[in-house]
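Please find the structures below.
Two complexes come next, and they have one chain in common, subunit A, joined by subunit B in the first and subunit C in the second.
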Partner chain A sequence: MTKRERNWLLLLPGGAWFLIMLVLPLTVVFIFSFGERGDAGGYVPAFTLEQYANLPARLTAFENTMILAPIGTLISMLIAYPLAYQLAVNTSRKWKTVLLVLVIVPFWTSILIRSYAWIYILGGQGIPNLLEMLGIEGVRLIYTPFAVLIGIIYGYLPLMVFPIYVSLDRLDKRLLEASSDLGAKPFATFMQVTLPLSVPGIATGCMLVFILLMGEFLIPALLGGGKVFFVGNALVDLFLQSRNWAYGSAVAVTLIVIMLVTVTVYMRLISRLNTQRDDVSIM
Partner chain B sequence: MKPEDYISKRKFMEELRRYQKGSVSRRHFLGVTGLGAAAVVLGAAMPGLRTTPARAATDIGDRVVLATWPNYHDPKNFEIFTEQTGAFTQVNVFGSNEEMLAKLQAGGSGWDVFVPTNYTITTYVSEDLIEPLDLSKLPNYEAGAFDPRFSDAGIVDGTVYAVPKNWGTTGFAVNTSHTGGKEMASWKDFWDRTMDDFSGRTMVHDYQLTTIGNALKYFGYSFNSVDPKELADAEELLLKVKPHLFAISSDYQPAMRSGDAWMTMCWTGDGKQLNSDIPEIQYVLGKEGGELWSDYYAIPKGAPHREAAYALINFLIDPEVNAREVLAHGYPVADSRTNALLPKEILEDPILYPAQELLDALEFGAAATLTDPNRAELLARFKSA
Partner chain C sequence: MNVSPAPAGLSSDRFREETAPVAELRAVTKRFGDVTAAKNLNLTIDRGEFLSFLGPSGCGKTTALRMLAGFEQPTEGDVLIDGGIVNDSPPFCRPVNMVFQSYALFPHLTVEQNISYGLKQRRPRMDRSEISRRVARALDTVRLAGFENRKTFEMSGGQQQRVALARAIVNEPKLLLLDEPLAALDRKLRKEMQIELQDLQRQLGITFVLVTHDQEEALSLSDRICVMRAGEVVQMGTPRDLYDDPKTKYVADFVGTSNFFEGTVLSVKEDMAQVELADGSRFEGRASDSFRETETVCLSIRPEQIRLTGKAEDGAIEVVVQNRIFLGEHTEYLVRHSSLGNIIVLAPRQAELAGTAFNQGDRAWLNLSREAMLVLRQD
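Moving on, here comes the complex of A and B:
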């Protein structure tokens, strides 16, 4: 076996997986998006752009997703960063492990069950009831965009904490000493050394959370009461209720295109940020 | 100890594994392994108690998958079924017939028994998704015992595809402690109050048939209309109402019980269950009309546990089992043998058996609504708006 053959052999499982589980289904979705709905639902072959022309009927779902996913990502990042910073920089070895495990613990229970818990916490018998005791009446939380936002931040926070934690944990502590030796105040050290060096972690965390949020459907379905619709919910509805596979495929293709564009632009920005920083450090 | 009370080491491990996988309940596990009895004996609480080990009369496998509606069974009956046959019933709950049809159309649902509503069965037959029933495997099915109004839809072109489960109505449940003494009697009241003092407190089904149908009733149109102009009116109303809704969901009991929701579209049995526990919650049939329906047990094509499916249906239509179901869920049955076993107050309950003039205004769902692309898209647009 030559080295070349061996490389092909090693790539085979991954390649086959991608072909069967990713490329083929995406091709099917792409082809379906030019078809028509069958009489009882499903798909009949055709070549029409009708499904794409009908996209404005799901504008609100796209808007909700495009607004709540970035906001959710941003707030997750703002909450996760100080947490990850404390874990990586200010926590002793012994406690680190314990606290990291605590961050993962929620993942041991299904997100479905945890979201049900939120239904009760945000429902009339939960937080609004407590507020009523304090004299604040008429607060409605459950089945609002706010409830969905709480749910997605809660659900995806650990995915943001870990990449940031890793980037901060690997940070060379001697750089911090050097910075302080050269007379930088702690805040300046943070802004000029720690933060720039943790950008890769922030970038990874944001990307992980953002991509998953764009396709989210469970949390809006449970905490949005069927009223706060993401594109994911529109897709579930089109495939699992109104059975319009052609239109559903067109919505899916559109979502994929939006994600590709957003992620590409984002990656460009991040890499430009990194090059600029490298330039600065060379100078 | 008699020999049949003995459980072998291997059988014990098998049961333990089934319990760990979640395919049997804790009670079943403790029962068949004798651990429950052992615990009881050790506790010296009831020394005489002995559990019967599961012995399957015929081998139907260890599970059966049932696709059904929320709050629609007595869980105790499933436990008895498991004790009698060794097969555990895995229950999947759905919110609309469209959802069930979509799952079956996509294939690989894994269901053995499902519960379609009257108007869907002809579509299942023409789409070749439903199995003609082998009545020799359903000895408890006695065609003559059923009221034909609620059993006819199970028979398509002379072939029995589905046997009657329950029938009922679709009205609305309203918590009268919030109505301010004003009577709620019509769908007009339902929608108008939702946009007024019930704002943020009303729920509608996540279901095209009833949500669109009852919006059509606001204008006095047929519950089953597929006329584009009438549907456009219904859509306008629904979009106007949407900001005032608490939620769009077919699982409305939790919100009604917690007090978050004050009013909801509601099926007979949910109305009965809510009213029994919270008497202020009353069940109302819109005087303009609405839906009269009947549900059926059926077996999808390619059911993975076919024998168990027949066994489960046969078990559930046994009049005594069925009577226990009715007492738990509060939906009327069309089976005279079951009714003979039910107490008088159930058979005279106005929620289960509404006054004739209210019933007369109701319509059975029409098959056309299930497949009509406009109704399907209307509900999807309403939800994503």
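Moving on, here comes the complex of A and C:
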């Protein structure tokens, strides 16, 4: 066997998986999106742009997704960074492992069950009930965009913490000493050394969380109570309930295109930030 | 402290700064838990000198340096810079810069940005034009002009070393600390950089404090060397002092090469001591310290101070040549004495040219002159 043949062989399982599980369904969805709905639902072959013309009917779902996903990502990042920083920089070896495990603990139960807990906390018997006892009446939390945002941040925080933690933990502590030696006060060192060198971790975390959020449907369904719809919910609805496969496919294709464009632009920005930083004294 | 009054026209601070040694360690002890990394260090660093801390790995050299830089605080004692106690002042407040062992260059910055880093931290802010002027000069000094926009990780070890140097000297520190700066370089490059370091120090007039475990490096570069052992200073002096007048066997062994013979003191007369070796033979040597009779001591003689001859002279001892290594200007002989064991002798090339060359297995005689023999504390 030549080296070339061996390389192909090694690529085979992954390649086959990629082809069957990703390319094939995507192609099918793409083709379906130009079709029509059958009388009993499903798909009837056709070539029409009607489904795409109908997209505005689901505009709210797109709006919710495009607003809440970036906001959720941003807030997760703002919460995760100090957490990851404390873990990586100010925690002793012994405690690091314990605290890191605590960050993953939520993953030991399903997001479904955890979201139910939030339904209770945000629902009538939870926080609003407490507020009422304090004399603040009529606060409604559950089934609002705010509830969805809480759920999103809660669910995806660990995914944000880890990449940032790794980038901060790997940071050579002598660079911080060098910065201090050269006259930078602690905050200046953070801005000029720590933060720039943790950009890759931030970028990875944001990308991961953002992509997953764009496809999220469980949290909006449970905590949004059918009022705060994401594109993911629209897809569940179109494919499983109204069985309008053609229209569902059009929505799916649109979502994929939006994601591709955002991610590409985002990657461009990040790589530019990493290579072209001509003056780092941000302050 | 009793300071004489400042002359008219000089504020007392200015006066203190200009007359005090650049830095001083007073009874400094540093403990990390159970480990005592530095024990009662007392030393002054003079303005403009090139001082080295020399000692084996783990003897506390880096710790001493880090206390001068401000990365570690002494457990006991005081660190002074320009006559003022700075025990608790953080690194960013000290007029001191360090060249780290692994360089610690900022990987996200270009060469120019690395070098200008220190100047950009100054408050009030320094003019951009002034910064670029100084950076350009520093780059020139380390012969890296034209490398401004390189990323540091694209550079060779020697070039990174120079960036690290430039990044420190551009700030014109009162004290430049170098922690084994050349250890990572290969031998040839190390030699080159040693010469450059020395030139740089003379040219800039900045006080250099170098940490090294390489005695050759310390000997060739320093004005003064501070030999350390297990957290303590064992001897301090010029390279010549340490080489010619080591106070202990440890220093004689660490600084240069020497032959040692163990014995006991028979008698002491002025600065000469009679020593009896285990085999009963007696030698006289210069006493490096005051010794008591019957004290166990060490006789030391440098290989180049022994004369190897082909015939028995008065007082010479007979040996057999075991090995001969040609070193160019010198020939190194390993000879064996029946009771003293192996002895290293360095013979100059002239001796060989004059016909006194020996081969393996030859009989020869060693002249151990009393002036060249040193009686040292055994420690």
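Methods note: the second predicted complex is superposed on the first by the 277 of 283 C-alpha atoms of A that agree within 3 Å, B and C clash if a C-alpha of one lies under 4 Å from a C-alpha of the other, contacts with A are read in each partner's own complex, and residues count from 1 in each chain.
Here, a contact is a pair of C-beta atoms (placed from the backbone, for glycine too) under 8 Å apart; a residue touches a chain by one contact, two chains touch by 3 or more.
This is a predicted model, so every value here is computed, not measured.
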- Message: Please determine, from the superposition on subunit A, whether subunit B and subunit C clash or fit.
- Response: fit
- Query: After superposition on the shared chain, which partner residues are touched by A:180: those of subunit B (first), subunit C (second), both, or neither?
  - Reply: second
- Message: Is A:40 touching anything from subunit B or subunit C once the two structures are fitted on A? First, second, both or neither.
- Response: first
- Task: Please work out whether A:196 is in contact with subunit B alone, subunit C alone, both, or neither, and reply first, second, both or neither.
- Result: second
- Task: Tell me which partner A:244 touches in the superposition: subunit B (first), subunit C (second), both or neither.
- Result: first
- Message: A:5 in the overlay: touching subunit B, subunit C, both, or neither? Say first, second, both or neither.
- Response: neither
- Query: Between subunit B (first) and subunit C (second), which does A:172 come into contact with in this model arrangement: first, second, both, or neither?
  - Reply: second
- Query: Should A:227 be classified as contacting the first partner (subunit B), the second (subunit C), both, or neither?
  - Reply: first
- Task: Please provide the least distance in Å between a C-alpha atom of subunit B and a C-alpha atom of subunit C in the combined superposition.
- Result: 46
- Query: Which subunit A residues are contacted by subunit C in one complex and by subunit B in the other?
  - Reply: none
- subunit C residues touching subunit A in their complex are 69-71, 90-92, 96-98, 100, 102, 104-109, 113, 117-118, 120-122, 167, 171
- Task: Over in the complex, which subunit A residues touch subunit C? Could you list them?
- Result: 172, 174-175, 177-185, 188, 192-193, 196-197, 274, 277, 279-281
- subunit A contacts subunit B in the complex at 37, 39-42, 57-58, 60-61, 119, 123-125, 140, 142-143, 225-227, 229, 233-234, 237-244
- Message: List the residues on subunit B that touch subunit A in their complex, please.
- Response: 96, 98-99, 101-103, 105-106, 123, 126-127, 200, 206, 208, 242, 245-249, 254-255, 258-260, 370-371, 373, 376-377, 379-381, 383-385
